[in-house]
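One structure coming up, written as structure tokens, with questions to follow.
Here the chain labels run A, B, C and D in written order, and each chain numbers its own residues starting at 1.
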Amino acid sequence: MSELMEALITMLVKVGVVFATLLFVAAYLVWLERKVIADIQVRWGPTRVGPFGLLQPIADGIKLFFKEDLIPGHVDRALFLLAPALSVIPAFLAFAVVPFGGTTTLFGLLPKPVPMYLADIDVGVLYVFGITSLGVYGIVLAGWSSNNKYSLLGGLRSSAQMISYELSMSLSVVGVLLLVGSLRLTDIVRSQEGFLLWPLPKWFVFIQPVGFVIFFTCALAETNRAPFDLPEAETELVAGFHSEYSSMKFAMFFMAEYINMATASAMATTLFLGGPLGPLGPSPVWFVGKVLVLLFVFIWFRASLPRFRYDQLMTFGWKRLLPLAFANLIVTAVAAAALGMGG
Amino acid sequence: MELAIFAGLAAVAAVSGVLVVIQRHAVYSALFLIITMGALAGLYILLEAHFVWAVQVLVYAGAIMVLFLFVIMLLNLPREDVPWRPDDFRRILIGGALAVVLVGELVLALLFQAGEQAPALPASPGFGTTETIGRLLFTEFLFPFEVTSVILLVAIVGAMVLAKKQLL
Amino acid sequence: MIDLWWIPIWPLLGFLLLGFFGRRLRKSTVAAAACGSVGLAAVASLVAVGGLLSLPAGARRVEGVIAPWIQVGNFQADWGLLLDPLSAVMVLVVSVVGFLIHVYAVGYMHDDQDFPRFFTYLNLFTFSMLMLVLANNYLLLYVFWEAVGLCSYLLIGFWFERPAAAGKKAFIVNRVGDFGFGLGVMLLWTTLGTLHYEQVFALAPTQLPAGGGLVTAITLLLFLGATGKSAQLPLYVWLPDAMEGPTPVSALIHAATMVTAGVYMVARSSALFNLAPLAMGTVAWIGALTAVFAASIALVQTDIKRVVAYSTISQLGYMFLGCGVGAYASAIFHLATHAFFKALLFLGSGSVIHALGGEQDIRKMGQLKARLPHTSRTFYWAALANAGIIPLAGFWSKDEILAAAFAGHRYLLWALGSAGAFMTAFYMFRLYYTVFEGKDNLDPPAAHQVHESPPVMTYPLLVLGAGCWLVGALFGFPPDHGLYHRFVEPVFAAAGTEPHAISPEATLGLAAVATAIAALGIWVARAWYKTGDNPAPAQAAERHLGLYRLLWNKWYVDELYTAAFVEPIRRGALWLWQRFDEEMIDGCVNEAGEMFRDAGQLLRRTQSGYVMNYVLGFLAGVVVILGYLAFRG
Amino acid sequence: MTVPLSAYLILSAFLFFLGVVGVATRRNALIVFMCIELMLNAVNLSFVAFARSLNSMAGHVFVFFVMAVATAEVAVGLAIIIAIYRNRETVDVAELNLLKW
């Protein structure tokens, strides 16, 4: 087997695994969310299909797949069809550079260790930000092409919200990048090895707590999750940008949203929580565990917090979060320069 | 292989560039512009300009074009069905002619110069990386870099002033 | 060493104080500051002159430089002061008479709303005049020459709510003279390279050939300045009109001090004039003619102040006559005595005007002697002094001038002077008898408000009156050897002036003739005007109607000037305005404007307001530039 | 690099040409604006291509500057377009002729 073929096959397998996993995660995240919220609200949630309703996502999928695909007559057909795809594709793409583990021989089945990431590019962080920022097109175009004022408002809100919070998000990460001195995600993970103060691991969440809080808050906004879910606010915009969608297109928007949640959690894990690093046991387990904790927090937030008003959202983003991110960055830069910690 | 990728991306860029200009609705123009930019981003990877690629995606596709779409939607313009004005044809004719002459000049100049073009050197280590660009920005190009920050500040202030309702 | 700057500093301080804070001070404070500053200057002058007297007769000269001023190349002019017997006399006259007039003005101007402004100007004038006479070089003299001119202008036009043509007239006429003076100073400088008195007078005899064209030109130009400032033919016309100003101003500036600056300047430049016989002759003739000419006009005028003003011009003529015949000391002596009696005449007139509520026409006066006892008495003394009756002040000085003319064998000049003396006696007593005796012609409303002036006005009158009695005899007797002459003569002797030999018998004889002439004039005036109903004056006027009209209209000089200078200049200016300025200059400008407007009319078609068109233009430019860059070679 | 520099440059010139045509002919201010962006992108492409060809990073730095300026331009330009639209209810540049003589 030639080396090229080997690499190609390895790559294809990895892509397949990641893709399948993300689909699975997206499906079961819905289940998880329904269960968790039900628990928080002291009710049962899905119970009928399978034990603990575990087969509920599969039933939902089959239902959505076979539903009639309605396309309203007044929409802009081309964009209406394109929008869901534009929404879901960047969600998958963003995951390409996330290192979800160290290296593996898959229990000795492989002849040599394989690194557990799809690609390792030198501008990894920028890549993730770039790709995730493309996700907004799906929402915006869906909102516009539906030719429906609620949808349009949803699209508008979404784009404004994205632009507003992306700034703070990028700035919150710059602190970490200053300390690492590289945009490569594997470098970032590697620099979190060891201990800050035993038994406290040298994760950036402990060095950059403010950065982490800002990042996570912005991640909520970027993924349109409560309390920042204004683009799809059911109560005021009748589900916003996707109110005209049904069947698989509707499913694709949901898939995009949940995969984005997973991506955001994975990025937060990588940047602040040491990624796949852990004391013992296989690294992907640690990684998935941390991501699941963050996903739980996402759901927890949705269950607990009321939605922002739109002006509150903007005020919060520009007048609170952004200055805070700047302050964090300046303090970090000064401290790093003073302590010689810069990368 | 590389040539094939280039040909594909160039074709995408050129075709969608044409479509940017001839679309009747601004939303489609914006979309095709995004596609053009995406194709250019691909070409940047071919040219080993990774940082530029990332910034292209992040700034142009991620921010500037979102802003364009935002404005298009905010204004919610109807399709461009305004009637032709008598001078439209003349203008298009003159403009097109001038543009043809311009590009002709560019290509001619290019052909004159192309013969003298030395074969490309192999990329030196560190070419196109964030680190190299950062070092250049903070050493050789420090002053323009600072000036850029002033420009951005001015733009922020200008945009905020313009966006005030009382204006005009 | 005497510090001379103590003299002018007080009026300067007074000027600054009143100028900046005058409006906020109480009237009494203003009066005290104004009079006090001049009084202190008078005291300082007396001290300085006392110091000068303590020096030996040949070395009475104090010079001091306050500060350097201009230093260009080898030219130097300083803020330098000089006190010698000549300037000592002037300083005393200016400060003492000035002080008395200041005091008088406090009463006279009491009800004026611009009281502080008046004294501001007056103090500025006193300062400038003191600097003028104390200056030790021609440039400083020139500066303050102009400064007193400015004060004169300001004070003539003091009541600017009224039409103030007189101030402008004075200013413009003085410009003619000052232009000459300025040219003279410049010529002096280009010739000798210095303007410092001491150096000029030392260099002049060696550098300038006696009787040469250069020195004649310099002295004639200087004298032109003097005729302007001292109101001589042909530039006297401003002085009678200057009587529009307040009476204390007339007394101080237009009788006692400023108008004598020309005489002082000629006397100061005696070393130059002695080198230029032609200029001397001109000075003498101008002086004599002015003396007679002005006196003849004074014979028939009916405005009390104008009579006195023409008298002033006439008396200034005598002073120039004195200078012209080489009797500088006598001229300056006459200047000093004249300051007393002419100031007194003006102040007396002012007192009368004040008493009559502003009335100046002598045909509406009469029988005021009893109601204005102090005024009439002092006015009578001054009239006697002016007429030249022994032993009053005017007799001594005027007689000396006439005697000098006679002794210099200038009999025609002497005859003119004597004729003038007769006229002087006549018009002075015509004035006196008409105003204070004669018939009561007062307007009824003014009649019972007539009152003697307050003491603040009458005391200066009395002091000046005493001066009329004393100054002449005390300093002028015996002629040629009195205190005054022994004090002042060395200055002029040092400048090369030759004394005129005249026998004591001749002196006595001339004095007798002069007194007789004056007495004759007084007698005629008494005969015609004492009772106020003598028809003789009217008959005389009828009989010589042409002459009378000529005098009444002041020889038609104003009309002549109007026709000869004012109108041509006016018409020329009108022509320049309407033809040259409006048609040519404005025409060119308008035409240029039209041109650009037309060009703009064409060009504005390119400004379509459509951005697209601009973009096309921009694009065309890019194509051209790029084409050039791509294919230039 | 197997793709010749001139290929990049011709693509760049073509995109620039498209931008010019768009700016000169379109009446929708937003599209005009986008065509300006297209021109900027064309220039960026030639910068990067030259940078690779000459093995000099200065081209990348210039692209960075161009992008910064483009961002500033878009912010201000779009704000102006919004202000104009509020006032005139149009973004048709052919109707914006307030500066007409």
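Here, a contact is a pair of C-beta atoms (placed from the backbone, for glycine too) under 8 Å apart; a residue touches a chain by one contact, two chains touch by 3 or more.
Note that the coordinates shown come from a computational prediction; the quantities given were computed from them, not determined experimentally.
Distance from the centre of subunit C peaks at A, each centre being the average of the chain's Cα atoms. Nearest to the overall CA centre, using the mean of each chain's CA atoms, is chain D. For this pair, subunit B with subunit C, the centres built from the Cα atoms lie 88 Å apart. In this assembly, the C-alpha centroid of subunit A lies 33 Å from the C-alpha centroid of subunit D. Mean C-alpha position of subunit B lies 5 Å from that of subunit D. Centre-to-centre separation of subunit A and subunit B, using mean CA positions: 29 Å.
Among all residues of subunit C, those that touch two or more other chains are 612, 615-616, 619.
Touching of two or more other chains is recorded for residues 51, 55, 63, 67, 72, 74, 91, 94-95, 98-99, 102, 106 of subunit B. Among the residues of subunit D, those touching two or more other chains are numbered 20, 23-24, 27, 94. Taken chain by chain, the contacts fit none of the simple shapes, being neither an open path, a ring, a star, nor a full set of pairwise contacts.
Interface residues of subunit C facing subunit D in the complex, by the touch rule stated above, are 604-605, 607-612, 615-616, 619.
Subunit D contributes residues 20, 23-24, 27, 93-94, 96-101 to its touches with subunit C in the complex. Residues of subunit B that touch subunit A in their complex: 27, 31, 34, 50-51, 53-55, 57-58, 61-63, 66-67, 69-70, 72-74, 76, 129-130.
Taken in their complex, subunit D has these residues touching subunit B: 1-3, 5-11, 13-18, 20-28, 30-31, 33-35, 37-38, 41, 44-45, 48-49, 51-55, 57-58, 60-61, 63-65, 67-76, 78-87, 91-92, 94.
The touching residues of subunit B, counted against subunit C in their complex, run 91, 94-95, 98-99, 101-102, 105-106, 108-109, 112.
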